[in-house]
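Please go over the structures that come below.
Shared between the two complexes below is chain A, which has chain B as its partner in the first and chain C in the second.
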Partner chain A sequence: MAEIETFYEVMRRQGITRRSFMKYCSLTASALGLGPAFVPKIAHAMETKPRTPVIWVNGLECTCCSESFIRGAHPLAKDVVLSMISLDYSHTLMAAAGHAAEAALEETIQKYKGNYILAVEGNPPLNEDGMFCIVGGKPFVEQLRHAAKDAKAIISWGACASYGCVQAAAPNPTRATPVHKVITDKPIIKVPGCPPIAEVMTGVITYMLTFDRLPELDRQGRPAMFYSQRIHDKCYRRPHFDAGQFVEQWDDEYARKGYCLYKMGCKGPTTYNACSTVRWNEGVSFPIQSGHGCIGCSEDGFWDQGGFYDRLTTIKQFGVEATADQMGFAAAGVVGAGIAAHVAASALKRAQKKTQDKEEV
Partner chain B sequence: MTETRTNIHIPNPAAPTPLEAARLTGGARPEDIESLRLQAAVYVYEVPVRLWHWVNAAAITVLIVTGYLIASPPPTMEIAEATDQFVFGYVRFAHFAAGMVLTVAFFGRIYWAFVGNRHARQLFYVPFWRARWWKELIFEARWYAFLEREPKKYIGHNPLAHLAMFTFITLGMTFMIVTGFALYAEGAGQGSVYDRAFGWVLGLAGNSQRLHTLHHLGMWAITIFAIVHIYAAIREDIMSRQSMITTIISGWRTFKDDRVE
Partner chain C sequence: MTGTRLIVGPFNRVEGDLEVHLDVADGAVRSARVNAPLYRGFERMLLGRPPSDALTLTPRICGICSISQSAAAARALAAAGGHVPAPQGERVAALIHAIENVSDHLTHFTLFFMPDFARSCYAGRSWHARAVDRFAAMEGAAARQAIEARAALMHILGLMAGKWPHTLAIQPGGVTRAPGPRDKVRIAASLAAFRRYLEDVVFGGPLEAFAALSTREALMDWETGDAGLFLRIAADLDLDALGRGEGRYLSFGAYPLAGGHAFAPGLWRCGARYPLDLSGLVEDVSHAWMLGGPAHPGEGQTLPDEDMREAAYSWCKAPRLNGESYETGALARQVIDGHPLARDLAGGGVLARVAGRLLELARTQGLMEDLSRGIEPAARFMDPAPEVREGAGAGLVEAARGALGHWLRVEKGRIAGYQIVAPTTWNFSPRDAAGQPGPLEAALVGAPVAQGDETPVTVQHIVRSFDPCMVCTVH
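Our next item is the complex of A and B:
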């Protein structure tokens, strides 16, 4: 891999001064939540390590992950794509197309066997031998298996690759399957969200390239630095939640006052993501800040958890669709009525027995 | 009572006539004294068991009320600025505190199953493989369905109650404690002691919203158990052949007749 330039060389070639380069290293360190002691480490890594080749494949998806990624501001997606990584194959970002593109894929796999990172956007549908998603004339699942075989690690971009997303919603007609259920022998980093936050995506890549290892993952395989807390834990409307001040209806007075959206079905309390801290579009805003509850798009199965606007979501079992409270009240009502009937029957039976006993005596 | 029935007591003819004062003041009729001779009592529930029952009942009441409110919060209150108002915070605090009390008490109860009398162990074990137990369970179910003329005598729980206690308290409460602490761990944060102990539950459920829903369904299961439990206790106290409500207060099980079975 000697022929690949280091990050530093690429940056210097692009006319970036050493001073700017060091600034960039400090910014990256703070973006990753690292102390000043890590700045020289990052600089050292950038100066000495070759750029890592990345293959970016797309399965069943909507390209919102790519759309989000190219809006990355810290670091700029341009820097990531052009300087930090060697993005050797990506449908949406590469200039080549058709046979040339597929040839680039093969070349990268052959050249950097066991050293490239496979970034997966979308997931493979497995029904009908994978015919619901064709890439380069073959089912996507074949391309995925082929590219994954020699990859160093896999990044599952977005809810599709991580969990299945809307195309996997019940009854999942195409059997859209998350990547970790198809590729089981490689380290996989899940970066869920629909899409994931741009800075989270570029941050994960920066971390991997700087330290040459996977970021610390939580139990579900997500980078702990971005997914270890709920939206709710860092929400700026949290004081209203604790106070018991909620928006009761859309566009009521409380909505104008910016009260908590808990009653409007906000999934902030059940969603692990960095939206309330990193925010979106260079930190401009995030759903709750703009007055709409979180829909929980970075959670497994968020598409099958009932309404986005209900606090208690519906449960669909045995053909019934109701919330836990509806079921509970109905069951308690039935049991209550049963007890009332049982009381009456017991009293009657008792009276009857007394009469009989009297007769017997 | 006729003498043809088998008597489990052997009356001591030399014993003095009881309740002289009550008899002489007219407070006790001869038949009362006859009934008194037949009364036998067994010490069933020791102090820690009774104490646990009432602490548990109080904790469950608080947990159900606050748990319902957490899922369906009270209307918005504007008593003060959000910084000075903590209404929902107190509701959640009461829920967490009661949950902690319930858990500690449950561990105490498990400890007592080891060192207490044999009735203290009944809650934690169902004689699943014993055919006779199932037969007796069916008998008790038939009594509740008005198909048996008279119930049997029991010292501890009757088989039907035994099964209900085991299902809803031993298994049900364990489920609520485990899911409850898994939800608490989310607030306590990753790496906290709660997360290390119960964080795996969230991974099992996949989605926190699903875990909330399961915990909420558990609340309804326990609510319905509580309704049936209270009804059955009152009904048994009136219609069965032994004491029920006083037993969980004093610990003594008394019987209304002296027949063997």
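Our next item is the complex of A and C:
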């Protein structure tokens, strides 16, 4: 196989200075929750390791993942990551078109056989032999299988690739199917969210490129460093939840005071993602901060859980039917009941506290 | 030269998938067929759900113009319930919608449209070196500047809408976030920074000076900024003559506010403006892999033809108004709004569409500044709308790429009908029953194609001049 240049060489070629490079290494270390001791390790890895080629393909999707990705965190990190992965094949951003583009994909696959990362945005629809999503005259599912065959690992970007997302919503007209149900013989890392947070995307890809291995994954195949806590756990409105202070109606007095959105249907208590810590649009805000509850877009099946504005405890499916999914629903039911208990307990505590305060007076 | 048949696609640097079939004879396109090869079935999934679910599901049709979809869904819900949003909520919704639209215009110009002029086939041209320097795909200096400026502008979306793409803040009654005095200052600061970027980089001069241009000649004399580079290229390659439209334009009116639309709604045909009347609107399915007959979207259905019958060639339906196709987008909006430069460019090709977008970019900056100045933190930003039980209504908005409509019918508290007609559905529609081609298909006829060229650059310019969004087209 041809000699592949190192990350550092690629960055230098793209005009990134040594100083910026070192800054980037420390940013990465902190973004990934690693100590300062890791900075020289990251720098060393990037100076000596050959660059990992990335092929980025698009199936049934809305391009929101790409949109999120190109708005990545620190402008520097974004520059570096973009130049680093060089997106050997990216449908949305590359220069080549038509047959030239198809040729570029093929060439990249051949040149870096067994060595590239396949990033998948969107998913393949399987109904009608895949005819609902045609790329280059062939069903996307064929392109996906072909590109996956020689990939080292696969990143499933977003809720589409990870779980199916809204196009898989009942009745799932095209039988949109998540990547791991089509490709079963490759390591797959799921980065769910609709879209995923830009910093999470760059963080995951940087980790893989730098350390040449998958980050630690949870049981669902998500990187633990970004998906191990619920939105609720680090939500800045959490004290209001604990105090039993809730928004009752859009833009009411309590909304202006920033009370908890649980009663407006917020799914923060059952959603694992980094929104309440990393936040969105370069750390400016996140949905709850803008006064709207979380819809749980990084959770499997978020699109078919009853109305998006239903309170968690009133999710209609609970216990209604005995199906193959009964176990899953039952588990979700426990979470719902847990929350109800949690609210009650919090309010109770508050009441007790009040009584105690009175007694002390 | 004998006739040849070309399939151009997959198209990169457009949102979603697209294929164009061309019949070429004597060095030019004789006829074109546009195929949208991606279908997801949103209109079918919405059936039977609570009406408010449309606010979460429809934005996910498109990661590029999710706010437009969300605004249309909110308007449709409000119309179906006979509800009027709080005026200040409407203002903030208009502001965040405008931010998305200008971001789209900027992305289109910098990342999708201009990189084609850096291609090696133009190596001999006097402007080529500068085009490569500024716009080479993924490497040109302009892309980085634009991505940065756009991300900074979108801080306002973070602030007011929580996240972008797929914002949840816009509701039938207004917006969920009431901006405080501090937010107002931050919004103003972000807008000021974006104005600096536009004036330094994109236009190389005051935005008001560009917006004051009133003739094609005056436009072609604009020399500064990336806009100046584009105009130089356009003059050299005669992009005005390339991909000319039929001069019929449609706009639903952009940014509905208590005092009327910021950019007026209407129709433009045969050189004159007419009021918008959608009673004669039908979606024709004669050349789409869809079942059923032509229908107004208020009554229409989406039933994919799984046999993909031979007579059809796209998943896209063909919207027609009184039997005619209409072009929609920034140029259409500006022509209908009555801007003298746009009126002078009406009926034009690649130059007119791209200049229309630049003109709107310059004009919208001022509009966004006005909207932000008029925010009154003490006012109400939401007049909560009760969930609709029975009713029907249309949500008509203007996305960056043109007229977007959602037609909603609610029965017994559930969605009984939901039809979406997106801008690119108009622009990239297939033929109708009368054999009339869609606007892009018509614009491609006559485009020069060099012998042996399998991805003709002229075709690329024309297709991209419409700023297609294929994920919206068929949804």
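Definition applied: the second predicted complex is superposed on the first by the 294 of 361 C-alpha atoms of A that agree within 3 Å, B and C clash if a C-alpha of one lies under 4 Å from a C-alpha of the other, contacts with A are read in each partner's own complex, and residues count from 1 in each chain.
Basically, contacts are C-beta pairs under 8 Å (C-beta built on N, C-alpha and C of every residue); 3 or more make two chains touch, one makes a residue touch a chain.
What you see is a predicted model, and the numbers here were worked out from it, not measured in a lab.
In the superposition on chain A, A:Glu299 contacts chain B only, with no contact to chain C.
Applying the stated contact rule after C-alpha superposition, one finds that A:Asp251 touches chain C and leaves chain B untouched. With both structures placed on the common chain, the touch criterion links A:Leu32 to neither chain B nor chain C. In the superposition on chain A, A:Ile117 makes contact with neither chain B nor chain C. In the superposition on chain A, A:Met225 makes contact with neither chain B nor chain C.
When the two complexes are overlaid, the chain among chain B and chain C that reaches more residues of chain A is C. Touching chain C in their complex are the following residues of chain A: 14, 58, 60-68, 70-71, 75, 78-79, 82, 86-87, 90-102, 125, 127-128, 131-137, 165-167, 169-174, 176, 194-195, 249-251, 255-256, 275, 279-282, 284-292, 295, 297, 303, 306-309.
Residues of chain A touching chain B in their complex: 218-220, 224, 228-230, 233, 239-246, 248, 254, 259, 262-263, 267, 269-272, 296, 299-302, 305, 311-313, 315, 324-325, 327-328, 331-332, 335-336, 339, 342-343, 345-346, 349-350, 353. On the side of chain B, the complex with chain A involves touching residues 68, 71-78, 80, 82-83, 85-89, 91-92, 144, 146, 149, 186-187, 189-190, 199-200, 202-203, 206-213, 216-217, 219-220, 223-224, 227-228, 231, 235, 239. Partner chain A is touched in their complex by these residues of chain C: 7-13, 15-17, 19, 37-42, 44-45, 49-50, 52-53, 55-57, 60-64, 66, 86, 89, 111, 115, 118-119, 136-139, 144, 147-148, 150-151, 154-155, 157-166, 168-169, 171, 173-178, 304, 306, 308, 315, 380-382, 384, 454-455, 460, 471.
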